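To start, I am sharing the structure in question, which I have written as structure tokens.
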Amino acid sequence: MTKQKKKSEILYFALRNNRLRVGLAVVLFFLVLTFVGPLFTEYSPDDYVGPSAQPPSPEYWFGTTTFGQDVFTQFVLGLKATFLVGVVGGGLGTLIGVLVGFIAGYQGGIVDEILNTLTNIVLVIPTLAILLIIAAYLEVRGILTESIFIGCTAWPWAARAIRAQTFSLRSRDFVDLARMSGMKPRKIIFTEIAPNMMSYLFMTFILQFGGAILIAATLDFIGLGPTRGISLGLMMNNAVLWSALHLGMWWWFIPPGVAITAIVGALYVMNVGLDEVFNPKLREM
Amino acid sequence: MLRLDGLSKVYKVGTFGGKELHAVSDVTFDVRDREVVSLIGESGSGKSTIGKMILRLIPESSGMIRFNGVDISTLKGGALKEYYRNVQGVFQDPFSSYNPIFKADRVFGMIREEFYPEMKDHEWNDKIDSSLKAVGLNPDDVLDKFPHQLSGGQLQRFLIARALLLDIQFLVADEIISMLDASTRIDVLNLLADLKSRGLSILFITHDLSLGYYISERAVILYRGCVVEMGSTERIFDNPLHPYTTMLMAAVPRLDKKWEQVEVELKAKQSEYTGGCAYYERCPLADKDRACATERPTLIEAERDHFVACRKL
Amino acid sequence: MSLQVENLTVYYQTLKGRVRALEGATFAIADGEIMGLAGESGCGKTTLGNSLIRLTPRMRYIDGSVELDDEELPIWDAEKMNPFRFKKVSIIPQYAMSAMNPTRKIGKMTAELLESRKVSFKATLPELKRRLDLVELSHDVLDMYPIELSGGMKQRAVMVLSTLLNPSLLIADEITSALDVSTQKAVAEMLVEFRDREFVKSMIVITHDISILYQIADSIMIMYAGQLAEKASTNVIIHFPRHPYTKLLISSLPKVGVKHSERRLAGIPGKPPLLLDPPAGCRFRERCPGASERCLERPPFIEIEKGHFVACWKEFEKNA
Amino acid sequence: MRRYFGRKLLIYMLTFFLAVTIDWLIPRFMPGNPVQTLLGRADLHAEAAEVMYGYYTRAFGLDVSIWQQYLNFWKALFHGDLGTSVFLFPMPVLEAIKNAIPYDIFLLLPAILLSWFAGNKFGAFAARRKWLDNTVLPLGYILTATPYMWLGLLLAWALGIVLDVFPISGAYSYAMVPSFSWAFIKSLLTHWFLPFASIFMVKFGGWAIGMRNMIIYELEADYSHYLEALGAPRKLIRKYAFRNAILPQITGLALDLGVIVAGALATEIVFSYPGIGYLILQAIQNQDYFLLQGCFLFIIIGVLLANFAIDIAYVLVDPRTRMGMQGEAA
């Protein structure tokens, strides 16, 4: 009974925040495209469906590649891969970040010192370089393995943010009050501290989601993408390898870039909108 | 009821914890049954640290706290929970004592989950209504509200009502009225004084001498973690012995006397007393023999039920 | 007359509507007078103080005029007000502890501030050093960073800086509340010293702690929910208050020497009204023991005795 | 103060040590005999493979105990012997990297510094006008969201192919021999411009947004209000706010280096600009893992050094941290 009032209040402000609405609309559009898209095309990404290097036409909405593959099919399936990387990579990154951040923030002392140093180290190392080496050595690379690697190296940002947030919440009196009510530390973290950070966790996830997509696209572009299947980064890589530029086949490399930029950009804008919604100071005004 | 023996708390500070900060050093006093003791000290005197140690929120570095004869540092799990059934605390900032995203009466819910899980609803609601009335709150206009919809005074009384749900014997009130307005402050103070009649002992932590005087029978004056003066409130206020207490009495703005008058009076009364310990470097009266600086003064009974820790008396 | 304020009305613009924080304030301060401005939190004292020098973005000037040394202060226009700021009207802000730029040496910041107001730093330096000695701050404070100073030292540095150009009106906003008792007394006495040495002609000391005003203020003005309740000399306000709210407020303050067992003080029941849509007439009506229908109409703030202003119908009848 | 730098240095040494260890470990994790898998895939003719195999077995020292291999690896590292590149056969890896480094610095340094400076200045400026604020924010978000290489592609296609204003591949026109003649330098610059522009624009958006948020925060700070109350001109207030808002951007620069380097790699590939990025692409395509590992080490060293330099700069610029360290008292 106590939570409804708070939830409806947040919802009320969320719906009126246009940054959030725009961001959400763009992301949902691409999400729908991911599910609906494959219905419109019966080819698979690598099939040779028609004459090569065709500009977009009613027959091939996004035209065809130098090998006559249907760009639209590649685009739609590439989208699926991108979202998968975002969810798995971003999700894993947030999860590890939350765990490290929570434990370091709540425990404090030596535990915090060690975890914090670890976070700083992983933060400083250019994680892409590590991914490079790992991916290069792997014989078979699937979308899943790539996402897991990205997740395992993208968590420091989340860990730092959540650690700071936990620190500030831990020193609040209501945590002491909970301890004086005989609650065990684990219960305190999940019933007292975590709910306060729900908005924070969600925003961290959005940033991780966007970050994962960008890293994945870069990896695929360098040629370390999934050996089987297709992804937006891989499309761009192929486009460059087969000199789509010189042949003026803009329809091959423009759509994937637009999709990535739109999704990640929409996520960032959503994040700003959410910040305004969840920030009580702004709401109280 | 509650006895502190040689209680100390040392914090590690500096990048590698090089230096040590003695927040509380060797504090000894007790709170008897049905008694209000005020713990008076300026910011940084360690008074809140003592409060938190009594509530077992931070571990003590050395010394012992005994509640009804039992050393509380040994309490674990169930025993600790029983301790919280008898000892509770209320903090300074009402708005930080409530989890902002829940309703205010969730603090009651927490007590019920932990201490009275099997109590039936109507019985529990009656218990809440009676304790709310005991603190002078009307259940209808405080229940089912978010913390930011209630005033500071209501929130503090809400916390006291929460403590009354348990059959507590000892309450730590850590600066609970310093964030409230003058007019609501008095009602909360009167409430604390009334609780004494219900058999409660209270440790009233404050930096405001007049509030301490108004409510407590005995007072403990703290300076940088050490007890400099202790005893019955009237005696200390009428005849402050320790130079630090005298300085405090002279500095506090009063409504009946101007600062100059107070200084003149105090000068006349205590010209013959000198000396101090932690107060050494600020103490105008300590003569320069090493004793004042080196040896720690012990609390001696200057007059009946009036102790002071000062080598020069 | 040093300061003359007529029917000053300032509201706050918020999402939920306009908060009528300050309603028709009319009062005057003579040269050399330290006026204490007291009242509970949210009564509009800070709004009044700030509106005399700088309207924050959300404050809306509605009505009223302010004259300082017979010169009209254009408080509604931030640009036109600039020449008066710091030279004619100055302020020691509530947030004095964090009022100085943390990454700039205090001396350098002062120099840049003075030069930007076309005042030569070199010419002012000797006077600045004299005033630092007065507040027991060593001169090498000038090339230290704010972070290296204690709370009390920062407070005193801001005091010296704010009064450096001898403004004729100084607004001191809650400058003692964050300090220990000992430093509080030193800072309060310094305010009086600044007035006695003519660094400042007249002063408004804003605080919720009336006992501090009893020590240093010549007169005290009590505010309640955005309206002026009473203004009189310090002794009259403390010992012979006329407005019901002042009476209840003074009586609820514990004095050293008053024990709970002997005399049980009483607070004021109820809460101050929300100023989003305040009640008509006298805003203390709901909590006032002597309220009557007359109070539905707002009582004027009139001088019932020499230098003693009250806004309460019951008090007018007693006098008439 | 010394203790602070000592601690920082320790962390960086630890990081470097960890990174190198990871670099050494990865091939050993891979199933099977690493050398066999590597050479097997590279289509070398018989005796070249034979020579290479002998060389790499010794280089990897598979016969020696793991621990010994590890030590050998470190010894080799300090001698600068990173093994020989497979696809540039006679040339040692170090040599190949040495050729690529200057181009990288020539591209990265100006791109990062200029975008940082311009982005911050523009961000501060944008915070002043409402309409600018509404245009900067969305534009900034779109720019930061753009993958580096895609922007590179767009620029290459638009300016390179369609308008044919800039060349889009290589560091200078192949017809030329590197010399200090004006013609060569002109060609160098024109080839350099597009990769520079794409990195610059993406990071420019990021810094602009960061600065806009920071400066609004600083303008709301107490010291700004105090200066306003004392009638200080807007210029002075904005100057102070900018100085304080730039500090976190310095640490931001340090932390962001890893990401910028990654972006630069991709951009180099688009323009086949002969920096480390392009080298890595060729290494991947030719299965040349020793070159890859060498590039990895140089990226790590570069980023760590830059981070350490920025940390020192930050302490010198921000008095609060300097004071914080000295004033270690309670």
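Chains here go by letter, A, B, C and D, matching the order in which they are written, and residues are numbered from 1 within each.
By definition in this document, a residue touches a chain if its C-beta (ideal position, glycine included) is under 8 Å from a C-beta of that chain, and two chains touch if they have at least 3 such contacts.
In this text, all values refer to a predicted model and were calculated from it rather than measured experimentally.
Of all chain pairs, the one linked by the most C-beta contacts is A-D.
Chain closest to the overall centre, judged by the mean of its C-alpha atoms against the mean of all protein C-alpha atoms: A.
Note on chain placement: the centre of chain C and the centre of chain D lie 55 Å apart, centres being C-alpha means. Centroid to centroid, with C-alpha atoms defining each point, chain A and chain B lie 50 Å apart.
Chain geometry summary: the mean Cα position of chain B and that of chain C are 32 Å apart. By the touch criterion stated above, chain A contacts chain B in their complex at residues 2-3, 5-6, 172-174, 176-183, 192, 195-196, 280, 284.
If you check the complex, the residues on chain C that touch chain D are 50, 53-54, 56, 81-87, 90-91, 93, 95, 98-104, 112-113, 116-117, 145, 147-148, 158, 162. Those residues of chain D whose C-beta lies close enough to touch chain C in the complex are 221-223, 225-233, 235-236, 240, 243-244, 247, 318-320, 323-324, 327. Residues of chain B touching chain A in their complex: 52, 55, 57, 80-81, 84, 88-89, 91-93, 96-103, 106-107, 110-111, 114-115, 146, 148, 159.
Those residues of chain B that touch chain C in the complex are listed here as 42-43, 151, 181-187, 189-190, 193, 207, 209-211, 213-215, 233-234, 237, 247-256, 258-259.
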